[in-house]
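In the two complexes below, subunit A is the common chain; its partner is subunit B in one and subunit C in the other.
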Partner chain A sequence: MNGSPLGTSVPRKEDRRLVTGRGRFVGDLQLPRMRHVAFVRSPVAHARIVSLDAGPAREAGYRVFTQADLGGIVLRAQSALPSYVETGQPALAEGKVRFAGEPVAAVVAADRYRAEDGAELVDVDYATLPPVTVAWDAGAAAVHDEAPDNVLLERTFDAGDVDGVLAGAHLTVERELVTNRHAGNPMECRAGVALFDPADRRLTFWSGTQVPHLVRNMIAELLGLSEGNVRVVAPDVGGGFGVKAVLYPEDVALCAIALQLPGTPVKWVEDRVEHLAAATHARDHRYLLTAGFAADGTLLALRADVTCNVGAYSVYPWTAGIEPLMAGGLLTGPYKLEHYRATVRGVATNTAPSGPYRGVARPASVFAMETLLDDAAARLGMTGVDIRRRNVIRPEDIPYRMPSRLVDDSGHYDECLTKALDAVGYDELRAEQQRRRGTGESPIGIGFACYNELTGLGRAASAGPRMPFRTGHDACTVRVNPDGRVTVFSGVTSQGQGLETTVAQIVADALGVRYDDVDVRIGDTDASLWGFGAFSSRQAVIGGGAAHRSALAARSKVLRLAAGLLEVDPADLQIEDGVVAVVGSPDTTIGLPEVARVAYLESNRLPDGIEPGLEATEFYDPVRGAFAAGAQVAAVEVDRTTGAVRILRYACVEDAGRAMHPQIVDGQIAGSIAQGIGGALYEHLVYDADGNLSTGTLLDYLMPTSAEIPELTIGHVARPAANPLGVRGVGEGGTLGPNAVLAGAVSDALGVRIDELPLSPSVVWTAARRAAEDAGKTPVEPGGRHSD
Partner chain B sequence: MKCAPFEYVRPTSVDEVLAALVAADGEGKILAGGQSLVPVMALRMARPAVIVDINRVEGLAAVERDGDTVHVGALVRHRTLAEQSAHPLLAEAARHIGHAAIRTRGTAGGSIAHADPAAELPVVAVATGATVTAAGARGDRWVAADDLFAGPLMTTLDADEMITGLDVPVPTRWGFAGFARRHGDFALVTVVVAEVRGQVRIAVGGVGAVPLRARAAEAAIGEPVERVAQLVGDELNPTGDLHGSAEFRRGVAVEMARRALASAGI
Partner chain C sequence: MEITMVVDGERVELTVEPRHTLADVLREQCGRTGTHVGCEHGVCGACTVLVDDEPVRSCLMFAVQADGSTVRTVEGLESDDGTLHPLQEAFVAHHGLQCGFCTPGMLMTALHLLDTHPEPDRETIRREMSGNICRCTGYMGIVDAVEEAARLR
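And now, the complex of A and B:
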């Protein structure tokens, strides 16, 4: 390849194995003497464990482990926030169970079938306690003794004079909105293999994790091992979406079991039922909102009360704050606002713990914000487009300090929105909508969302609620091998998003070598120095920045060494496609293989002052984050007779900064929109009043398939960010729009308010019928008031 | 999600199947396509002691037209049904079953025997007045579809009987309408209208314990379609579930009835 591979859609490094069925997933790992683990899980939501009898299982030849057998390990997610109530999550439940699906014991057998047979022999006697499944149910029984009111965290964001401004506003809009509960549902569920070598007390944990270095740190601490003797390997991982950025009790139990079975690898591969019941959930929120607007549609003030169902445990290590704090911090999104007060809280219930899931809280909070704007626009006789244009942060406002004190560095929202409107053919759709009115044809509606995705958070704005670590940096090592080819040991991880490719592109570009001459090793804590892993749309910015810096450092040594060999000034040298040449004298060259050979094998030729070896390790921390602006617009057709919603057109325009690999960027956006559409129309985890999960299989928890996802039009507003590569994260932004866009479109089509998600046929059918009934009466003035 | 231990036999004739079922003493289960059985076994919700795999039994995989009736062997795959032209209503119904992989394995006999009230073929069987052939130790017997379904996932067949095929009258006019949340899902409501030997029959799936005949609506055939469809809804007694309220289901049933009737040209 000639020239830099950066910015082009080069063939992905990982695809040779992934598309030919040669991927290496944890489930593929076969080791001698391997044993399999099945967990005994609580069938009830809330109960005291009266007794646990492992006797029959043990007599039948199974190894059974209880919390006592594992030494009583407890995971305690920590935060320095003043209101935070710290609680513990046992590796295996002891004394009490707090959600249906919680692991209570582990059974080890020769294969998974037998392990499940053994699990059936473990006899647990439960004395049920009253369960709470809804976070805004008052007077519920305490899930944890430490938090009698079940509030694990509460914080108020407060800026300006909210009450005063609301009192004087031309229009106030009040809404109560409830969002639906999602599962991450990666194609590959959670999985782990743990092996303890007693000779040197080394634990190896192959785990389908997004955060291997964090897992190493936490496992070493929880099990009392030397951190250098814990190796965590995340091989190919089949999707994560945040759900695999958590350290789970099952992970810890598996490693603790391995310690007790030295030399025996133990494997646990989560099945889909376990995933739906016991991997983290997300987005079970209620928003109580009052917004004040001026007559011209200017948003003046917003008062919000946000309750997030955080489930039975404060998720480790991210804490119960992950969703409420994101909801409060980003609720106002890309809209200018001075007067803002939001009280957000995380409330424990007898449901699976909630945790990070692609978009963290914002698919819900964007829905809340956009709903307010649509409501106000309808009352003020404005279009949804005009009210957004009236309020969005603009390039001239940058840097814009949001009322939550986050600083937006993007500002191209109107441009994104305009391009998205053009992409769907907005005027033509409005004309068609008008034409259908009064005919018997199914109505169509148009919905909008503008959002800001906070990506690549550095130390000043690090993800998470004042946890005992800051996730702003990653490391990377670039090694030029003796043959002149390059191996990169990067702290990034990949769950399918092509990080091997992106890192190779960055290194090839910065070092001046061919893309094909760069191999990238990721996901092994013994190989790379440090990386926090995949979450918060951080890796392109932070891991990419570290790769860029380490490649520049390696390049610097290559040039110094080459300069000595060529007896020229390093400043006069350039390197391209692995050939170092003197600028202006193209015949004077030396190839990288020769430079590398000298560095490793011919120290007799080393210039003075240059040490052997040819590698560099650098960290990168952007300090602040990079916001990625985005807008989505869609048109839907609603079948009033069935409540079916058909997406006619869908467009998304984002400011992804500089796209290093356009196809990967578009793939991230398309995949996240698809996930968002699933969340808006289909996916919903439902607990019954007893705390049993009613949607325990994929027969009832409906994932979108390719048949449900329309053609997507993806556009770009590429404004380079202020980081070495000019990139902004794109991993999550797409998920932020669909709830708001589709709810807005259905609302527009039927002339009804949408207060709950998902937009199931039942919800839409009921809304359509209500609209038809209302049409026969005097128009109702719901919720708000005009003060004039 | 791994099934409990079971014995496995793979007979090659109907007589051997019946002998295996008798030997299993009520604890046997026939495996054909496995598209419903295997998942519930993996969940350990079904724990048969003996699996009797009938996939090697010969002579059960044919679709044959005999006058105004089509005979469908128990081992005919949904895909074959979807592609045959002898019975257009069965072809249409089969195209709505699950996804390609499911249609490739799933069988007509299995779908009828499984008796899922939301499945497509049981509704077609009731709408057309199909007859099921059940082989047993005492010989074959013929059960009308109206008498076959006893409840959700329950038939009136004995544990040692086996469906070998079904005879499905070819309707002169017909309509099929189903509403599913996603492509390939079991429909929330399916309505099949079939005119057989001059009589219009209407069956509704997904709203009761078994596929239901809408007899009041059948009696009103000839009145305006909207009126007949409304009668279909009035006769139902749906219950609310995860996917919506009882009223929603009734409303969708009325619409599906309207569509099926319109599509049948009735």
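And now, the complex of A and C:
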């Protein structure tokens, strides 16, 4: 390849192995003497453990581990926020279980089939306690003794004079909105293999984690091992979406078991039923909202009370604060507002813990905000487009300080919205909508969302609720090998985002070598110096920035060395495709292989003052973050008789800054929209009153397939961000729109309010019937005909 | 129990337990970890292989049921000289995969689709591929890839 590979859709480095079945997933690992683990899980939501009898299982020859056997290890997610109530999460439950699916004991056997046989023999006696599954149920039993009211965290964001302005507003809109619990649910469930070598007290943990360095740090601390003797390897990982950015009790238990079975690799591969029951959930929220508007549609004030169901535990390291704080901090989204008061809280319940899921809270909070705008527009006789245009932050407002004090550096929302409207053919859709109203055909509706995605957060606005670390930086090492080819040891991790490819592009570009001559190693704490991992759409910005800086540092050494060998000034040299040439005299060249050979093998030729070796390691921290603007518009058709929603058109326009690999950028956006559509229309983790998950398999928990996801139109407004590569993160934005867009479209089609998600046929049918009743017409029976 | 299968052109004789699924036997005993398991209850399609040319969810079939059968997995798609199958090429060219976990099942389903629907339109592809779940791509690249592979046949 000639020239820089940056900005072009080069073939992904990962693809060859993945399309030939040679991927390296944790579950694929087979090691000598390997043993398999099955967890005994609580069948009840809330109970005291009266007794646990492992005797029969042990007599049958199984190794069984309880919390006492593991030394009572407890994970503690910490936050410095004043109202935070710290609670612990045991590796295996002891004394009490707090959700159905919680691991209580672990059984080790020769294969998974036998481990599950052994788990059947473990006899646990539970005395059930009253469960709480709904976060806004008052007077529920305490999940943790430390928090008698179950509130693990509460915070109020307060700006301006909300009550005064609401009292004087031309229009106030009040809504209560409830969003549906769902989950990231990557196609590869969680998995781990742990092996302890007693000779030098080294633990290797292969784990499908998004955050290997964070896992190493806490595993070493909990198990009393030297951090350098813990190696965490995340090989190919089959999707993460936040679910795998958590250190789980099963991970800790597996490593602790390995310590007790020295030299024996222990493997746990989660099955889907376990995953749905015990991996993190998200988005189970209630919003109580009052908004004040001027007669021209200007948003004047917003009062909000947000309750997030955080489940049974405060997950490590994100705590119970991750969703509520994000909901409160970004509820106002890309809209200008001065008077804002939001009280947000995270409430513990007897359900699976909630954790980060792509978009963290904002698919719900964007739905809340956009619903208010649509409601106000309808009452004021404005269009949904006009009210958004009236209120969005504009380029001339930048930098805009949001009422939560976050600073928006984007401002291109109107441009995104306009492009998205064009992409769906807005005027034509409105005409069609009008036409159908006269014919009795299935109605169509149009919905909108504008949102800002907070990406690449540096130390000044670090991700997470004041945890004991700041996630603003990553490291990268660029090594030119003796043959002149390049190996990069990057702190990023990949669960499908193609980071091997992107990092190789960045390094090839900055160093001046061919893309094909760069290999990238990621996800191994022994290989890379440091990286926080994949979350908050941070890696292209931060990990990419570190790769860029380390490649520039390596380049500078290459140039100094080459300059010495060619006896010219380094400032007169350039590198392209691995050839160093004197600017202006293209015949004076030296290849990178020769420079590298001198650096490692021919010290006799090293110029004065230059040390052997050709490698550079640099960190990068953007200090601030980069907001990415986005807008989505869709048209749906609603079948009044069944409540079914069909998406006719869907467009998304985002500001990804400079796109380093356009295909990957579009793939991130398409995939995240599809997840958002799943959450808006189908996916719902439902607990019954006893706290049993009634959607515990993929037969009940419906994930969208190629038959449900429509063709998506993806557009861009590319405004380079203020970082070395000009990039903005794109990992999450797509998920932020669909709830709002589809609820808005259904509401527009039927002329009804949508107060709860998902937009299941029953919710939509009920809304349609209500609308028909309100209009004084005879309701339409499901599956039946008009009775008039 | 003793079973014999031909897996990707290789004859294998194995001792399996009656309860072992074909997916587990392919992965654990035949070392063919290219076939993935995403749900173990027949919904996600990640474990799809061809048994006597018919697509099968190998998590739902017991290995003993495949006794005497010819099994094709993703690992047999590439030719011996390393040339990728046109479907594999198309998945790479059209970004039909991100994490690649669903990809083996997608490819085997698509292989059968191309055999049974010589000229599928996008709607047919979307319908026929709807037994395979992908959490990453939003399906755009997958539909593009299958469409192109069909066109190039």
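Note that in this section the second predicted complex is superposed on the first by the 776 of 788 C-alpha atoms of A that agree within 3 Å, B and C clash if a C-alpha of one lies under 4 Å from a C-alpha of the other, contacts with A are read in each partner's own complex, and residues count from 1 in each chain.
We adopt the following convention: a contact is a pair of C-beta atoms (placed from the backbone, for glycine too) under 8 Å apart; a residue touches a chain by one contact, two chains touch by 3 or more.
Fair warning: this is a prediction, and the values are worked out from it, not measured in the lab.
Novice: Just checking: does A:Arg435 make contact with subunit B only, subunit C only, both, or neither of them? Give me first, second, both or neither.
Specialist: A:Arg435: touches no partner chain.
Novice: Should A:Gln675 be classified as contacting the first partner (subunit B), the second (subunit C), both, or neither?
Specialist: Second partner only, subunit C.
Novice: Could you look at A:Arg33 and tell me whether it touches subunit B, subunit C, both or neither (first, second, both, neither)?
Specialist: Touch partners of A:Arg33: none, neither subunit B nor subunit C.
Novice: Comparing subunit C with subunit B, which touches more residues belonging to subunit A?
Specialist: C
Novice: Looking at the overlay, does A:Ala644 come into contact with subunit B only (first), subunit C only (second), both, or neither?
Specialist: first
Novice: Let me test your reading of the model: by the given contact rule, A:Ala707 touches which partner, first (subunit B), second (subunit C), both or neither?
Specialist: both
Novice: Based on the superposed arrangement, let me know which partner A:Leu18 touches: subunit B (first), subunit C (second), both, or neither?
Specialist: A:Leu18 contacts subunit C only, not subunit B.
Novice: Applying the document's definition of touch, where does A:Arg272 land relative to subunit B and subunit C: first, second, both, or neither?
Specialist: Touch status of A:Arg272: both partners.
Novice: After superposition on the shared chain, which partner residues are touched by A:Thr697: those of subunit B (first), subunit C (second), both, or neither?
Specialist: A:Thr697: touches subunit B and subunit C.
Novice: Contact-wise, after the overlay, does A:Glu116 reach subunit B, subunit C, both or neither (first, second, both, neither)?
Specialist: So A:Glu116 only meets subunit B here.
Novice: Which parts of subunit A are touched by subunit B and by subunit C alike?
Specialist: 112-113, 271-273, 697, 705, 707-708
Novice: Note which residues of subunit C are touching subunit A in the complex, please.
Specialist: The touching residues are 17, 19-20, 24, 27-28, 31-41, 43-44, 46, 73-75, 77-78, 84, 88, 91-92, 95, 97-104, 107, 122, 125-127, 129-143.
Novice: In the complex formed with subunit A, which residues of subunit B make contact?
Specialist: 1-5, 39, 43-44, 179, 181-185, 188, 242-245, 248, 251-252, 255
Novice: Of all residues in subunit A, which touch subunit B in the complex?
Specialist: Going through subunit A, the ones touching subunit B are 112-113, 116-117, 120, 271-274, 641-644, 682, 686, 694-695, 697, 700, 702, 704-705, 707-708, 760-762, 765-766, 769.
Novice: So in the complex, which bits of subunit A are touching subunit C?
Specialist: Contact set of subunit A toward subunit C: 9, 11-12, 14-23, 25, 27-28, 30, 111-113, 184-189, 236-239, 241, 271-273, 495-498, 663-664, 666-667, 670-675, 697-699, 703, 705-709, 711-712.
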